[in-house]
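Each of the next two complexes has chain A plus one other chain: chain B in the first, chain C in the second.
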Partner chain A sequence: MSAIIISTLMSGILLGALYALMASGLSLIWTTLGVFNFAHGALMMIGAFVAWTVSEAMGLGIVAGLIAGLGVTAILGIVIEFLLIRPFYSKPNVLLITTMTTLAAMIILEKSAQMIWGARLKQLPRMIEGDVSVLGAVISAQEALIIVLAPLVLIALWQFTSRTTVGRSLRAVGQNQDAAALIGINVPMTFALAFGLGAALAGLSGILLGSIRFITPGLGAEPLVKAMIVVIFGGLGSLGATAGAAFVIGMTEAFLILVVGLYWTPFLLFVFLIAVLVFRPTGLFGKV
Partner chain B sequence: MKRNLFLVLSLAVLLLVPLFVLDSFTRHLFILAFIYAIIASNWDISLGYCGVFNFGHMTFFATGVYTTAVMAKTFGINPWLAIPMGGATAALVALIISAPVARLKGIYVVLVTFAFSQLALQLILSQSQITGGAEGMVRIPSLSIGDYKFTRDYKLGYYYAALGLLTCSTIFLLWLSQSPFGKSLQAVRDNEDYARARGISITRQRVLALVLSAVFTGIAGGFFAVYLRVASPEVLSFSTLSLALSMVLIGGAGTVIGPIIAAFVLIFATEAMAGIRGMEEMRFIIVAVGMIFVLRFTPGGLVKLVSGKRT
Partner chain C sequence: MSLLLDVQSVTGGYGAVTVLRGISIHMDVGENIGLFGPNGHGKSTLLRSISGLLRPTSGRHKFDGKDITRKRPSDIVGAGLVHAQQGNTLFGEMTVREILELSAFTYRAQKGAAQALDHVLTLFPRLAERSRQKAKTLSGGERQMLSIGSALMCSPRLLMLDEPTLGLSPKLKEELSVALKDISRNVPLIIVEQDVELLLSVTDRLYLIEHGEVQREINKDNAPDHAEIMDMYFGAHDK
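Our next item is the complex of A and B:
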C-alpha cells in the first residue's frame, strides 16, 4: 500500500515539475507583456519535433537536438511577438486581439507540423538511461532528471528576474511600461526578450515531454490546458504562485487518478477549479 | 431598413437556390454554411454584443450534437424531438459555465471558457461507452416527414430545414439586438460602470447572454448530428474553433449579418480548397492568416469596411 502511495507521490511530483515548467513560460510572458500566449502548447510541440529532427533524423545527438529545439522556439517566439503582438499594443482591447492572434499562431504551427512531420508517432531518446529507486518506488532516470531539472530551471529564472539588470528590466516593463521607458529601458527589446525566453521555456518543456511521451502535432494541446488550469488556479501574477499551483495540481491529479481513475480525473480537476474560482475569482494565490 | 430589405432579398434568393443548384454536394455546402452561420452569429451575442470573452462557444454546439445523438440513437427518441433537446441542454451547460464566468474578469474568462471546452472534449473522449470516444457515434437516425426522407431529392428537405433554422435564429438575433435587453448588453460591454449606475445587473446580463447564445447553437448542433448522421469529437477541435471564430471576426463582431455572410464565404472557400490536393491542412493555415490580417487592417470586420459604418 505504501509503495502505491509513494509511486503516486512521485508521479505527482513529476507532473508538478512539468506543469511548473510549462506554466512558468506563460507566466513570464503574461507578467511582462500582459498577453496570454495560446501558442505555448504548439511551441512545446515544435521544440520536441525540432529536437527529434536534429538528434534522430540527422543523427547529431540529443545535446545538439536540445540546443536546436531551444533555439528554434526562441526565434519563433520573437517572430510571433514581432508579427502578432507588437502591432496591437496600443489597441484598447489588446487582450482579446492577442488571444485571437496567438490562437491563430497555434493553428498555423500545428498544421505546419502536420505537413512537415506527418502524423506518425516519434519519440526522443532518453538523456539518461536506467531506473532510479526512491523509497521503494521505481521511476525511470529520465523522469528523475525532469524532477530535478524543472526546479533548477525555475530557480535560475527567478534569480535571473530578480538579480540581473536585464531580468529586472523585464519586471520593470511588466509593472510600468512608461516609467520603464523613462529610465532608459528599451521596452520593445524587452518584450521580444520576454517572448523569446517564454517560448524557449515552452520548447524545453516540450523536449522533456517528448522524451517520456510520443511526439505528435497535438503534443502540446493537452498540456496547454493543464498549464491553463495551473495559471487560473495560481493566478498569473508571480512565478512562485505559479510554481506552487503547478505542484498542487500535479499532486491532486496523481491522487485523483489513483482514487477515481484516469477517465474522471480531468473532469473532477475542473470542478475543483470552478469551485475555487467561484469563491476566489483571481485564483487561489492570485491578486490581480 | 436597407438591412431588412437586404435580408428579405437574401432569403428569397436562398429559397430559390435549390431550383438552380441540383447537385447534392453544393447543397451540402449550403447546409454547412447555414449551420456555421447560426454558430457564428449566436457566438456574437456573448463575444460581440456583451463583450464576454467567451472562447468556449463550440462547447454549446458539441453539447447539442451529443445530446441529440444520444437521445435519437441510444434512446430511440424521434429526431424531431431530439434536436430541440440539444438546444435545452446547451442552454443548461451555458448556465453552468456562466456561474464562474459572470464573476471573472479579462483573461480569466478566456482561460476558463477555453479550458471548459477542452475538458468537454476530454469527457467525450473518455466516456466512450456513451459517446463512442474518438471514433464518435455513427448511424444516427435521420429526419423524415411520414415516408418522405429528407436526404431524398438531393437533400432538398435538409436544405429547407437548415434555411428555416437559420431564418428563425436570425429573426431572434435581430429582435434581440434591437430590444432594450440587447442595448443593455452593449452597455455592459462598452461601459460597465455606467451600465451598473443605470441599474443593469452586470452578472445577470452576462449569464443571460451566454444562455441565450447557446439555445440556437445547441439546436444547430442537434441538426448537424442528425444531418451528418455522425457525432464526432472533431466539433471541439482547434480547427473547427478557429474556423467559427474567424467567421465572427472577419464578418465583424457586434453585428448580426457580418458573421452570417462570413460563414458563407469561408465555408465555400475552405471546401473549395479542400478539393485541391495537398490543401487539406493548408486551408486552416490560410484561414488563420486571414484572421490575423483582418485584425491588423480592418478591426471592425469586412462588413464594416464595406458599409463604412462605424458603430
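Our next item is the complex of A and C:
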C-alpha cells in the first residue's frame, strides 16, 4: 500500500514540475503584458519537434536539439508579439483581440507542424538513461531529471526577475507601464523580451515532455489547458504562487487518478478549480 | 540666453477630447519655472506630452535644441528630460530600494547611480528607513518622496515635477519645499503646483494655464498678491 502512495506521490511531483514549467512562461507573459497567450501549448509542441529534427533527423545530438528548440521558440514568441499583440496594444479590448489572435497562432502552428512533420508519432531520446529508486518507488532517470530541473529553472527565473536590472524591468513594466517608461525603460522592447522568454520556457517544457511522451502536433493542447488552470488557480500573480499551484494541481491529479481513475480525473480537477474560485475568487495564493 | 526647453504651440489630448490648445512655453538655461492653474486645464497633460507619454496632434517640443516631439519616452529620459508623475504609486509590489536602483536605468543614469542613491537617501532619510518596504505600503508623503527620489535617480538634466505637495500635511509640505529648493540648486525644475507662494519661492517664472493655453506669465517682479491669485483661480470678483 505505501509503495502505491509513494509512487503516486512521485508522479504527483513529476506532474507538478511539468505544470510549473509550462505555467511559468504563461504567467510571465500575463504579468508583464496582461494578455493570455493561447499559442503557449503550440509553442511547446514546436519546441519538441524542432529539438527532434535537430537531434534525431539531423543526428546532431540532444544538446544541439535543446538549443535549437529554445532558440526557435524564443524567436517565434517575439514574432507573435510583434505581429499579433503589438498592433492591438492601445485598443481598449486588447485582451479579447489577443485571445483571438493567439488562438489563430495556435491553429497556424499546429497545422504547419502537421504539414512539416506529419502525423507519425515521434519521441526525443532520453537525456539520461536508467532508473532511479526513491523510497522504493522506481521512476526513470529522465523523470527524475525533470523533477530536479524544473525547480532549478524556476529559481533561476525568480532570481532573474528579482535581482537583475533587466528582470526587474519586466516586473516594473507589468506593474506600471507609464512609470516604467518614465524611468527610461523601453516598454515595447520589454514586451518582446517577455514574450520571447515565455515562449522559450514553453519550448523547454515541450522538449522535456517530448522525452517522456510521444510528440504529435496536438502535444500542447492538453498542457495548455493545465497551464491555464495553474495560472488562474495560483492567482494570476507571482511566480511563487504559480509554482505552488502547479504542485497542488499535480499532486491532486495524481491522487485523483489513483482514487477515481483517469476517466473522471479531469472532471473532478475542474470541480476542484471552480470550488476554490468560488471561495477564493483571487485564486489559491492571490491577494484580495 | 539659450533655451533648455521650447514648447511650440502644442495641441493634443485624449481621443476626441482636446486638452492642449496651442500651448507655448519656454525655459531658459539657468532658470526654474512653475505652472499653475485650475485642475483639468492641461497642466499634467502638457507634462505627459513633453515626456512622450502622449503624442501631440500638432506643435513641437525642443529639448536642448533638439526636436523630441516624436521620440519614445525612454529616449527622452535617456536624453535627461525626466518627469515625475502626479500621485505616482510607481511599482507597488517592488521595494523602495529596488525602485530606486532600477530608476538608474538609462546608460547615462547608471554611471552616477551610487552617488545619486546617496544623494536621494540624504535628501529623504525616510526612504532609507523604508528601503525594504513595498511601495504600496508607503504613506502619501513617502510616495511623493519616492517619486521625486526615483526621478533624481534618472540623472535628470531637467526635472518636471507634477504636484509634488498634493495632499500633504503642512508640516510635510514644508519639509518637501526645503528639499525642492535643495534640488533646484543642482537640477533645473519645472514644477506644477497649486500653491503659488511655494512656486514663487522655488522658481523664477510662472505660467498660469487655463483651457489648455497660457493665460498669463508671471515674473518675480510682477508677482501677484493673494487676492489676485484667488482671482486667477476663481475669476475676478467685486473689489
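Here are a few things to note about the model shown:
Just so it is clear, the second predicted complex is superposed on the first by the 286 of 288 C-alpha atoms of A that agree within 3 Å, B and C clash if a C-alpha of one lies under 4 Å from a C-alpha of the other, contacts with A are read in each partner's own complex, and residues count from 1 in each chain.
Assume contacts are C-beta pairs under 8 Å (C-beta built on N, C-alpha and C of every residue); 3 or more make two chains touch, one makes a residue touch a chain.
This structure is a prediction, so every number in the text was calculated from the model and none was measured.
With chain A as the common reference, the superposed partners chain B and chain C fit together side by side.
In the superposed model, A:Pro87 lies in contact with chain B only, and not with chain C. When the shared chain is aligned, chain C comes close enough to touch A:Asn176, but chain B does not.
In the superposition on chain A, A:Leu152 makes contact with neither chain B nor chain C. Applying the stated contact rule after C-alpha superposition, one finds that A:Leu121 touches neither chain B nor chain C. Comparing chain C and chain B on the residues of chain A they touch gives the larger count to B. Contacts of A:Ser112 after superposition: chain B is touched, whereas chain C is not reached. Once both complexes are placed on a shared chain A, the shortest Cα to Cα gap between chain B and chain C comes to 15 Å. For chain B in complex with chain A, the touching residues are 53, 55, 99-100, 103-108, 110-112, 114-116, 118-119, 122-123, 126-127, 238-239, 241-242, 245, 249, 281-282, 284-285, 287-289, 291-292, 295-296, 299. On the chain C side of its complex with chain A, the touching residues are 51-53, 72-74, 77-78, 82-85, 88-94, 98-99, 101-103, 105-106, 109, 150-151, 153-154.
Chain contact summary for the complex, chain A toward chain B: residues 30, 36, 38, 83-84, 87-88, 91, 95-97, 99-101, 103-108, 110-112, 114-115, 221-222, 225, 228-229, 231-232, 236, 262-264, 266-267, 270, 273-274, 277-278, 281-283, 288.
Chain A meets chain C in the complex at residues 165, 168-169, 171-172, 175-176, 178-187.
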